[in-house]
Amino acid sequence: MSIAIVYFSATGTTKSLAEAIAKGAGPEAVLLPITGKQIVEGRFTDEALLAQLTAADAILFGTPTFMGGPAGQFKTFADATGGIWYHQSWAGKIAGGFTTSGSFSGDKQGTLQYLVTLSQQHGMIWVGQNSPNGLYSGKPLDVALNRLGSYTGVMGQAAPGQPLTAGDLATGEAYGARIAALAKKLK
Amino acid sequence: MSIAIVYFSATGTTKSLAEAIAKGAGPEAVLLPITGKQIVEGRFTDEALLAQLTAADAILFGTPTFMGGPAGQFKTFADATGGIWYHQSWAGKIAGGFTTSGSFSGDKQGTLQYLVTLSQQHGMIWVGQNSPNGLYSGKPLDVALNRLGSYTGVMGQAAPGQPLTAGDLATGEAYGARIAALAKKLK
Amino acid sequence: MSIAIVYFSATGTTKSLAEAIAKGAGPEAVLLPITGKQIVEGRFTDEALLAQLTAADAILFGTPTFMGGPAGQFKTFADATGGIWYHQSWAGKIAGGFTTSGSFSGDKQGTLQYLVTLSQQHGMIWVGQNSPNGLYSGKPLDVALNRLGSYTGVMGQAAPGQPLTAGDLATGEAYGARIAALAKKLK
Amino acid sequence: MSIAIVYFSATGTTKSLAEAIAKGAGPEAVLLPITGKQIVEGRFTDEALLAQLTAADAILFGTPTFMGGPAGQFKTFADATGGIWYHQSWAGKIAGGFTTSGSFSGDKQGTLQYLVTLSQQHGMIWVGQNSPNGLYSGKPLDVALNRLGSYTGVMGQAAPGQPLTAGDLATGEAYGARIAALAKKLK
């Protein structure tokens, strides 16, 4: 069983959330960063990365929320999966996602909605995060899981130059564990 | 294993799609209609129906798209699941959805997005429809599966007073079969 | 010139935001609450309220976010505008919206997206809120305008039993002023 | 008064819709294509194009729907407007949008929702398309305006290698005229 975590990170914030999820998912998790070097004149060209995803049992998509949606670099990657879509090579795999931004809301829900749509075009099975709402946890917000009240996937929030809270990272770690358990069950 | 199909239908169109999905899902499927009688001063009151859903292994949500979203009757039902949400009693169940409207697009995608969000608040696992795009099937559009190009769930389209196409209904039937197979696997 | 603010409020939180917006919009603003009494067997029946909206120059839509979308009571109201939609009687009017929930994100963006869709089916012109992101304001978050980072409309957040922050209410007031200025210009 | 139409087109379909809108908008319309050449390692670099948009009274955004969202090239352009967002230089301008895909639905609504979100982050005023639903027009679907039932913006649909219908193009032309009239009024 293998869990691929494919993500774009501009400043390291989304990367830190990807790493927390990988930690929770365990040794089967592989981190696959999207970088500008893979993009030539607006097209994603790294066929080897796409092949790694096709070989995985579960794929988690991660991206910052830029200007109200997934980063252009991530979307460029998503567009390169058109041939995989045509053959439905990812159908039946588990999918999930995560995003970060500077604001509490910051239109991050729209990014998660997009990641769902991408997964559904591929015939995948979407698994969101289910740590209960942090407001009811009785814990201080900086260590509470799911302090932002996000369900479709994991959201992380940090002002520019700041790290994610311990609680946001722990939410990611719990999410990774959920994905790994389900991937094992569906295998 | 049991599959609950909870839906609202005003004119019978959504009901016909619910029945097609039930046919595909097999004898374990149960049709649970939402009606105006269950709604008192804007609140859904049928606790027995909610208990039936809690007992099911998979729940499919169905509603027409009215004014760009789920019917008010359906949304009123969804609001009544707040207590179930608080206890996360539906977490881990399979979820899916379907919608109908008079137009080809008709903002039906927004309704499916809402059904996903509802399922994710409940910690459920979303399974969309994966019949390939009907445009590439080589079949006449009225019998082609997925002629509308919908993935997150099943869309049906019919002008007022007309039935759904044979293809839309067959898309529903194939979707029911997919849900049943996955529910069995995850049980 | 007149500005109608039509909203549903269950606990008073959304009402407090509606009142702040009305204050900002000035004496031309009228508050029109949706209540359970107007809903009979799941259908909204208050034709007089609909006529008041048709007479207005701008309509602002407000609802709590319940289970990831507009409250069932609000959606039931929206469905009752189908006849107005058919005749496009609201085309060209200014539209806007606001929502509240207990969490920072809480899927409130999906509710605002729905309010946009409703307005667009009616051919209306959508005006969002444009107080800049509160994270860059240098003010404490409880008094900062737009502390949640919402643009499509105004979001308010308060834990159960708590009032909205002074900043959330001030964001509403600034939004009301923006709507009033544009409604005057377009008149 | 000037109307900028900024769009990405891979095969010419979205370009044909952009041209129809420009025709409807009249001599004040300027077509500004996004191309892969403007994108270096995943970042949009054409500052002159951004300056042209800042000088316009209205901006229309156009993109195909690829894998359920705006094309990566378009999203990369959108991300390059972050500095403009910070200074809210586009606040108060009119915005609108259009998208094309091969399917009737094809998740095009999600793309239009994204274009709305982008415009709202910029404090712009969203104007959708308001040609009435083509199903009620009594005309054959290939010449009917708004045959797809789209309101938030204009949708065009064409199978691979086929042109848009005369009706889809005429819907674009009517939309251009609506935008031009409102831009004149708000100037």
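Note that the chains are named A, B, C and D in the order they appear, and that numbering of residues resets to 1 at the start of each chain.
In the analysis below, contacts are C-beta pairs under 8 Å (C-beta built on N, C-alpha and C of every residue); 3 or more make two chains touch, one makes a residue touch a chain.
Because the structure is predicted, anything quoted here is derived from the model rather than measured.
Asker: Subunit C and subunit D share one sequence, so how far apart are they rotationally when you fit their Cα atoms? Give it in degrees, rounded to a multiple of 5.
Answerer: 180
Asker: Does A-C or A-D have more contacting C-beta pairs?
Answerer: Between the two chain pairs, A-D has more contacting C-beta pairs.
Asker: How many Å are there between the centre of subunit A and the centre of subunit D, using C-alpha atoms for each centre?
Answerer: Averaging C-alpha atoms per chain gives centres 29 Å apart.
Asker: Round to the nearest whole Å and give the separation of the Cα centres of subunit A and subunit C.
Answerer: 31
Asker: Residue numbers in subunit D touching 2 or more other chains?
Answerer: Subunit D, residues with two or more chain partners: 68, 107, 110, 113, 117, 120-121, 151-152.
Asker: Hey, which residues of subunit B end up touching subunit C in the complex?
Answerer: Subunit B reaches subunit C through residues 35-39, 41-44, 66-73, 75-79, 81-82, 85, 107, 110, 113-114, 117-118, 120-121.
Asker: List the residues on subunit B that touch subunit D in their complex, please.
Answerer: The contact residues of subunit B facing subunit D are 68, 101-110, 113, 133-135, 147-152, 155, 157, 159.
Asker: Considering the complex alone, what residue numbers of subunit B touch subunit A?
Answerer: Touching subunit A from subunit B are residues 88, 91, 113, 116-117, 120-121, 123, 125-128, 130, 132, 151-152, 182, 185-186.
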